[in-house]
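Each in structure tokens, the structures are laid out below.
Presented sequentially are two complexes of chain A, the first with chain B as partner and the second with chain C.
On to the complex of A and B.
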């Protein structure tokens, strides 16, 4: 396992698709400033599956929003493909914690939306491509349903297809499977892994669930209460990590071992670590 | 997923409830006519004229007016005035509403003037309308426009303001331009509220139409009310009132249909 104190990693390599350089985001709160994200430096490689974990209020979502371009860092720099992030872009697809489906469009029409934006009009090709991605997330049977008719899991799948169809090189996922039942979650875990292997995109995935983190990631970044990267774990568990493979004792043992190590780090960072800025 | 479906009521029970649902609507109409007829019998409308005010007299007058063309001659100009003023109100109110709803500063800027203006009966503007447009169609259309525009604007503002920032962020990550955001996110998002605004606008336009048509136009249902009064034809007066109510009801039904057809639900 590679441990990196204070989130400082080896200097940026040419293959790195995303570089965070001393990224800090502070907000005015009362009489002082609070740093939601503090001096984060990290390189994320192309086609990497990076999972960010940490206690609530550790700045995970804020960091993701800055990479998406919805928020700008107070200091530091975010580079995507060597260029600084200047706002939202088609190269970075964001899947939100809440559902962003448009209630007046069916599943199919929702998935077509991004392509309509990009091509300016509806064409038969759009429908075809949308259907392909709807099939990929297993919603073919519900293409003509409206969001109000969908269950939580179906909405997640639809949101996923809606973003995937635009073929973003980078997928930013903010707790996308929160509050789903475990069966649906399990299905979506293998779906997202399969899609990632098929489409070769880079995924940054924020969650507070460690099982999920260990199951999905190439690396796990732990953030603490102070908004700092406290540790980066490399996850060398062999893939596939679902079904039969997960039942082997050796795999299971390593799985638990990594999860416990991450858990300890998260717990250590959940206490009163460098909270001076708060008060 | 997989939650059990609610038990379906049996076919017979459904049939009965279908009939009883309709039955009470019909019963309401019958009771309404009965109350009207009773009022006429009890001479509520005065010793001399109560017979002329009865539903039966109104029905006979209605048939006569249908035959001699009075209904068409007066209902068409009324409908024309309302529809023209409504169209003009929609053309102005929807863009204004979308802009004001979308830009917070614009909403703050217009809030007090709009809320202030909407509480003024358009009939209060009548003298000014006549100075500007003269007596006639143009003044009536202007007054109707003035009454229709506020519910349309304010509801559209509400609708456009309801656009979730999430949708806008998502659209931006999908590469949407301003035009796409407007036509594919903001306008569709505001449609249910626009339709509610339209329904309110139609309702108040139709109500204001009658007094507005008493201001010197040579035709229209409002004009005809005064005309029947001057000719002491109270049966025709009641028939005209009935037509005003009927057309208003049909216009509102059309709006409800539009809402059920085009308003998305959350």
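On to the complex of A and C.
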């Protein structure tokens, strides 16, 4: 974990926190069945930042929802900490593309919500912890605002704090920064990295943007149209990957190299459909 | 009060005891880049108990701002908002909110989402389950209670949001373009559904929309708003017979007349502004 900052992989023999074993999810379609996710096997280490990319319809969101426990595999097995996933749990916090903020509650009250449900009441301790995470996502200036007053980026931050405050060991993020303007997106990239380094959680992050994938990940999983994992790329780019560090020619060169390699793999797995438009 | 157009005749009498919501000279100024912008000018609005009122207007007329002020989410700059004769500050479960983003908590099941307000109020588990199940039935969602909110369609999610608001037994339901994100077919289904809910519960509804047909189909009265600055242009009484969801077609003559009347109110708008409402 610490050695990560020096740009090396964090551990050569990491313990698997999440294990996917031949995970398949099929749906009825017409007279037959289609596999949205097909025979996926993968180990994810504790404190790893894993990014899953792939063309539309490659099953990456479905895979994430199965890890979250919102959907059940048709066959295969998902283990978290050695135990099979039986449904959603507090150890796994999922952040969706849509915001889940209650409109009649302020930012603070929304962030307090998860803890309030756990304790059955609001306490000064809850407030204090909520404030800590609101500060972590950079929303202290807006704690008493209602969601209608927040921009898209602020809503994402609030949703993030709402999940972080419950201290999930695993963060599952499904295109969390989609549809944000690029400046907001860039800020949130460095912030999610900082939060990940601070909180030491494991992150599985689904996106269709390759820049995002290369910037954030320890490893990049590419899924193809058939719902299979076609390749896993180790991302050995040194951290930090923002600001001045990203401008170093050597860094930039490696960045582009990895992105191109991932892009080729994604294209190869997209079938005849021209998926380049996705990126 | 239920499915009659009865609310209408009391409109002229501001002191009528059944007045539920009253906006008096409400104005709102926003500061933008150091400059003050008047977004809402002198809005007066009276809603009687059980009435279904639509606020209609193009983008920028302040219709959502009006609703947010009533909801207590933002403060008016001048004027007052009274609910049941008492000045209102801040949101509360007595004002049920259903917005375009349905704001369900993804880690809770359908029924657990309906229970949110009740749980936070400290109502015991059995009782809140009973209320939630009753409200799910009201919106036609019995049988889906244990599904996750991902498994249900977007139209159904909005029904869950309506059931959640109803579970708090609100004095008024505040709806801000709740069906805007839905496809045309689902939107129509939801319009019928909300009329059924309204007829069954007798709850007062204030409904913001930019869709002229939607306003005509749903309302007892339509508050037609104008832009630059946002203000009330005219209060229209909607006499179209009820129930509408069974017998009325949107091509009826009366329906068309009403539509023409509203469009003519907007004759000063530019074409592209008009496009936004029809």
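Following the convention adopted for this analysis, the second predicted complex is superposed on the first by the 257 of 279 C-alpha atoms of A that agree within 3 Å, B and C clash if a C-alpha of one lies under 4 Å from a C-alpha of the other, contacts with A are read in each partner's own complex, and residues count from 1 in each chain.
Methods note: a residue touches a chain if its C-beta (ideal position, glycine included) is under 8 Å from a C-beta of that chain, and two chains touch if they have at least 3 such contacts.
As the structure is a prediction and not an experimental result, all values here were calculated from the model.
J.: Putting chain B and chain C onto chain A via the overlay, clash or fit?
T.: Once chain A is superposed (C-alpha atoms), there is a clash between chain B and chain C.
J.: Based on the superposed arrangement, let me know which partner A:241 touches: chain B (first), chain C (second), both, or neither?
T.: In the superposition, A:241 touches no partner, neither chain B nor chain C.
J.: Name the contact category of A:169: first (chain B only), second (chain C only), both, or neither.
T.: neither
J.: Report for A:228: first if it touches chain B alone, second if chain C alone, otherwise both or neither.
T.: Touch partners of A:228: none, neither chain B nor chain C.
J.: With both complexes overlaid on chain A, does A:60 touch chain B (first), chain C (second), both or neither?
T.: A:60 sits against neither chain B nor chain C.
J.: If you stack the two complexes on chain A, which partner ends up touching A:103: first (chain B), second (chain C), both, or neither?
T.: In the superposition, A:103 touches chain B and chain C alike.
J.: On the superposed three-chain arrangement, identify whether chain B or chain C touches more chain A residues.
T.: B
J.: Just to be sure I read the superposition right, which of the two partners does A:25 touch: chain B = first, chain C = second, or both, or neither?
T.: neither
J.: Is A:151 contacted by the first partner chain B, the second partner chain C, both or neither?
T.: Only chain B is touched by A:151; chain C is not.
J.: Now for A:116: first (chain B), second (chain C), both, or neither, which partner does it touch?
T.: After superposing on A, A:116 lies in contact with both chain B and chain C.
J.: In the superposed model, identify the part of chain B that clashes with chain C, out of 1-9, 37-45, 127-135 or 217-225.
T.: In the superposed model, chain B runs into chain C at 1-9.
J.: Kindly list the residues of chain A that each of chain B and chain C touches, one partner per complex.
T.: 70, 88, 94, 96, 98, 100, 102-104, 113, 116-117, 120, 146, 148
J.: Show me the residue ranges of chain A that touch chain C in the complex, using the header's touch definition.
T.: 65, 70-71, 88, 94, 96, 98-105, 113, 116-117, 120-121, 146-149
J.: Once bound in the complex, which stretches of chain C touch chain A?
T.: Contacts found on chain C: 64, 68, 71, 73-74, 91-93, 95, 97, 99, 101, 103-107, 116, 119-120, 122, 148, 150.
J.: Can you list the chain B residues touching chain A in their complex?
T.: 1, 164, 166-167, 169-177, 180, 184-185, 188-189, 191, 264-266
J.: Where on chain A does chain B make contact in their complex?
T.: Interface residues on the chain A side: 68-70, 87-90, 92-94, 96, 98, 100, 102-104, 113-114, 116-118, 120, 146, 148, 151, 153-154, 162-163, 166, 168, 184.
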